[in-house]
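Structures given as structure tokens follow.
Consider the two complexes below, in which chain A is the common component and chain B and chain C are the respective partners.
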Partner chain A sequence: MTVQEQLRHRAAELLADGTIDLFVGYAASDAPLKAAVHVARTAADAEMLTWNSFCAPNVAALLPKLLRRPDGAGEDWAPQRVGILAKGCVSRSIVGLIKAHQIPREAVHVIGVGCDGVVDRHRAARLFTPAAILDAEPLDGDRMLLRGTDGAERTVDLSEILLGSCLDCQHRNAVLADETIGDPVPETGPGPQEDAATSFAARPIDERWEAFEEEISRCIRCYACREACPNCYCTECFAEETEPHWIGVTTDPSDLMLFHLGRAFHQAGRCVDCGACVAACPMGIDLRLLTHKVNRDVEALFGGEASVSLDIVEPLLQFEMTDDEGFITEP
Partner chain B sequence: MTEASERRTDAQGDWEPRIAAFLCNWCSYAGADLAGVSRIQYPPNVRVIRVPCSGRINPLFLVKALQSGMDGVLVSGCHPGDCHYISGNLYARRKFALMKSLLEYVGIEPGRVHFSWVSAAEGVRFAELLHTVIESVRELGPAERMVRRVEAMP
Partner chain C sequence: MTEKKEGTKPETPMDARIVSKEDLIAALTALAQDHTVIAPVDDRTGAVFAPTQDAAAVRLEYRNTSLSPKAAVFPQIETLLAFQDGVATETLPEPPETVLFGARPCDARALAMLDRVFQRDGIDDPYVAARRDRLTVIALACDEPGPACFCTSVGGAPDDHTGADVLATDLGEALLMRPVTERGEALLAALDGARPAEAGEIEAAQERSAAAAEKIGRVPVPSEPARLLEAFDSEIWAEIAAGCLGCGACTYACPTCHCFDLTDEHKRGTGRRVRSWDTCALPLFTLHASGHNPRPSTDARLRQRVLHKFAYGPETIDEMLCVGCGRCVSVCPSGIDLRRILARLDGCIAGGGPG
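Take a look at the complex of A and B:
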């Protein structure tokens, strides 16, 4: 039985025996190189569940919305029981959400699955520019056949079109799971994208500013990156706050940059580098350029990876008397 | 004219840096006060914003100050271990270490953003710190990066 068949079977079982009220996973999408987030409530819904290398969204982002206590809920209110398909990064997000008291541990039933990485559709599309991708067909081995709207066909190695996050992934298997399906996949360690932030940092400062401004200026402020992110569970985001009015109602790049710097900073010590924001961005902005840098700094200055276990205290919620003082200006 | 384009000039019309200083109420603000009552001279390029604690300062304040046309930013609080609220400055230290690094990474000149510790007894240190900060911003010239050039709607 393939992993997908096991998934459908197990989700249907859990729904039928009342262990869970709904199951969150992926379903096939009409758009090429994309899988849709799918919520199954019945056995028929469970038959639509999909597991393939297009499953880029982080489905943990749905959990706070599904499990949040409604305003005015009485004492007898109880959260629904949610089953969820968790690749490594999704499981880390679930850990983060539990630690942040956004979801109760007992309300989620986690089905862990090993993940070989998911496709970055922007990266794939660049192979066909200016044409777009019409469809994709997985081939044997780690290869995929891509067809362009211009009629061109290309067979590519998966590593050419995976998300940068996936090439750099350290946790391909779930770090927290009630049960697992399929065989665990081997952990591969840092990949070729490992130095994305380091190589950017090595460029001269003027070049960095130009590159940053150019990249961020393409932002259309749709906030898809925020909506796709499991860490962005705030009911009121600083982007919409009016007192103070952080992000001005302008077309000025500084307002875009302020949003992205703020968003990246808010991820400090919590970003699991799932790449969901990169996958969600309609403009193909390399958002990882910022989050990856913050992750690297957190690791270097305070140590540890975000949300790999329930026992770790978030780095910005603690301190050491001996923390780095290298950045302090002495008169 | 937008806020950012109102450049601060001296009597000769030469550019003078404008620096936003976020000072904690208990140490650095008192340190600045001591510099004042002790008649210690320092240049008038700084706009002081008093905050309860360096831990109160949202790192985005710094970005916002630069966006609003400030040429430099200074954050100062109690020395580690001396925080009026026990540990506010220690949490702040972690946040600012990250924000400083992130700003430099995206291309904001490191000399525009400064952090330091000044106690209530260190009037001299406060004046010296301001000399250092103002000089480092003056060397860089007027801020161009991160500055908003389009007027925001209210």
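Take a look at the complex of A and C:
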């Protein structure tokens, strides 16, 4: 059985035997280079599940909404049981959500799957500009055949079109799973973002500020990055709070900066670098410019990676009486 | 089902002109001296509509941009009032004469829909009108439709001239430019190097557009919009919206979405009232001060978006508020596809009522 066949088979079984009420994964999309987030409730729904290199969304983002206790729920309320397909980053997000008490461990049944990375549609599209990509066909040996609206065909190495996060990924297999499908994929070392981040950090501060300003000037405040992110589970975001009104509604530089800096700081020590925000952004903003930096800062200051195990409490989630308080300034 | 914008005149091939690409760039350069020229230019997402001084940077070959050019009349952020020491003053825009070059026919048609939205019930939104009155639209017919295009299913066409003042067709070396309105006629009359088009050239343009139309997939679009309301309480919305993450990408990318919010930004009587694009996809959209939200779920919010386009649009402006540009399909982070939703609704209604 292929991995996809195993996936459909197991999801259908779990739904049928009552282990789960619904299964969250991906289905094929009619649009090129994309997969649709898919919620299966029946065996027929499970037949639509798919697993390929277009499965960019982090489906863990659905879990807090699916498992949140509704307002006014009684004593006898119990969460649904949710099955979920978890590539490495999705499994890390699940670990993070469990530790942040956003989802109960027992409510999720995780099917782990090894991942070779997913396609960045913006990156792929740039290979065809000014034409658009009409369709894409995976080939053997980590290659893909792309067809353009202009009739052109081009075979590319996956490394040319994968999300930056995937090129840097060090957790391709699920770190938490109730069962796995397919063979584990080999883990690889840090990728190109390390060099990009190092050379970015080496630039003078005014150049970095200018680059940051230019990058976020593309933002249209659609909040796709936020909604696509499993860490953004707040029921009310600081960006939309009206009392106090932290941030204006406009696309003026000050509002955009506040939103993106606020978002990045809230990711510190929690971001699993899944790239879902980058994949979601309709404007092609490099959101990792900031999240990668805060990840590395937390690692350098406190050690450890976010959400790789249920047994480790992340540095910014713990408190000890002996913590250094030297950063607190006198009033 | 849809009617052409009033005030446009029927195509008169006699007026069509041929302009070489060099002359076109020269003309746009000349226009940029005393006009704002908004045109598709290179971007990391393909192309974007942006004011440009450099006509040589204007793209003639591009697929639908991530964002439509609706901001030319309805900018994302607009100051409506200025407050100074407790006194409010209207800040009506006084934009320069503007040429929007290269809008695809779907986007031009969307501008005509926005006209009807913002000039309804005897109220003419003066902020939108100020821009629209000074806007000349040169639409560029499609010859390579994108993978998500479905204009022909919603009353459009690769060479539709609705909403445009001039319709241009790329013939390779040169463009065929057809005036649609008097404003377009005036613009073409002043165009250096233009010559009258020959019958063969007009035919060639028609053939190109017909070939483009052939490539566009068909989508079943509700023929009786009112019947969509039969599906209002259907369970299919929960299924359709199951993967919806609840961001506003589809609405901001949409050329016809036009909802806005008003925010007062002021301190001690000084500040401004800002109009900003709003989106029915976010929970705050209809959140009442009481805390009650009539659209409390993503299901209800996605339903609103679909029904506004396909049921309420026909009721209020006699047209579906969708031009089939496919942007919502392209930008959706979770792969929700309006074409599939329409097919689903079609099945639901055709199948004897809501499922």
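Note that the second predicted complex is superposed on the first by the 316 of 331 C-alpha atoms of A that agree within 3 Å, B and C clash if a C-alpha of one lies under 4 Å from a C-alpha of the other, contacts with A are read in each partner's own complex, and residues count from 1 in each chain.
Everything that follows uses one rule, which is that contacts are C-beta pairs under 8 Å (C-beta built on N, C-alpha and C of every residue); 3 or more make two chains touch, one makes a residue touch a chain.
Everything quoted here is computed from the prediction, not taken from an experiment.
Q: So in the superposed three-chain picture, is A:Phe302 touching just chain B, just chain C, both, or none of them (first/second/both/neither)?
A: Touch status of A:Phe302: first partner only.
Q: Which partner does A:Arg126 contact after superposing on A: first (chain B), second (chain C), both, neither?
A: In the superposed model, A:Arg126 contacts chain C only, not chain B.
Q: For A:Pro57, using the defined touch cut-off, is the partner it touches chain B, chain C, both, or neither? Pick first, second, both or neither.
A: Touch partner of A:Pro57: chain C, not chain B.
Q: Of the two partner chains, chain B (first) and chain C (second), which one does A:Trp209 touch, if any: first, second, both, or neither?
A: Only chain B is touched by A:Trp209; chain C is not.
Q: Considering only the touch criterion stated at the top, classify A:Asp324 as touching first (chain B), second (chain C), both, or neither.
A: In the superposition, A:Asp324 contacts chain B only.
Q: According to the stated criteria, A:Leu310 is in contact with first (chain B), second (chain C), both, or neither; which is it?
A: A:Leu310: touches no partner chain.
Q: With both complexes superposed on chain A, which partner does A:Ala268 reach: first (chain B), second (chain C), both or neither?
A: Only chain B; A:Ala268 stays clear of chain C.
Q: Please indicate which partner A:Ala78 is in contact with in the superposed arrangement: first for chain B, second for chain C, both, or neither.
A: neither
Q: Looking at A:Leu258, would you say it contacts chain B, chain C, both, or neither? Reply first, second, both or neither.
A: first
Q: Following superposition on chain A, which residues of chain A contact chain B and also contact chain C?
A: 248-252
Q: Under the touch definition given earlier, write down the residues of chain A that touch chain C in their complex.
A: Chain A residues touching chain C: 26-27, 29-32, 34-39, 57, 61-62, 122, 125-126, 129-135, 149-150, 220-224, 226-228, 240, 248-252, 276, 279-280, 282-284.
Q: Under the stated contact criterion, what part of chain B meets chain A in this complex?
A: Interface residues on the chain B side: 59-60, 63-64, 67, 74, 80-81, 87, 90-91, 93-109, 114-117, 125, 128-129, 131-133, 136, 145-153.
Q: Note which residues of chain A are touching chain B in the complex, please.
A: Counting only chain A, the residues touching chain B are 197, 200-201, 205-213, 238, 244-246, 248-252, 254-255, 257-258, 261-262, 264-265, 268, 290, 293-294, 297-298, 301-302, 315-316, 319, 321, 323-325, 327-331.
Q: Within the complex, which stretch of chain C touches chain A?
A: Those residues of chain C that touch chain A are 42-47, 59, 61-64, 66-67, 76-77, 144-148, 242-243, 245-249, 251-253, 261, 263, 265, 274, 276-277, 279, 282, 284, 329-331, 333-337, 339-340.
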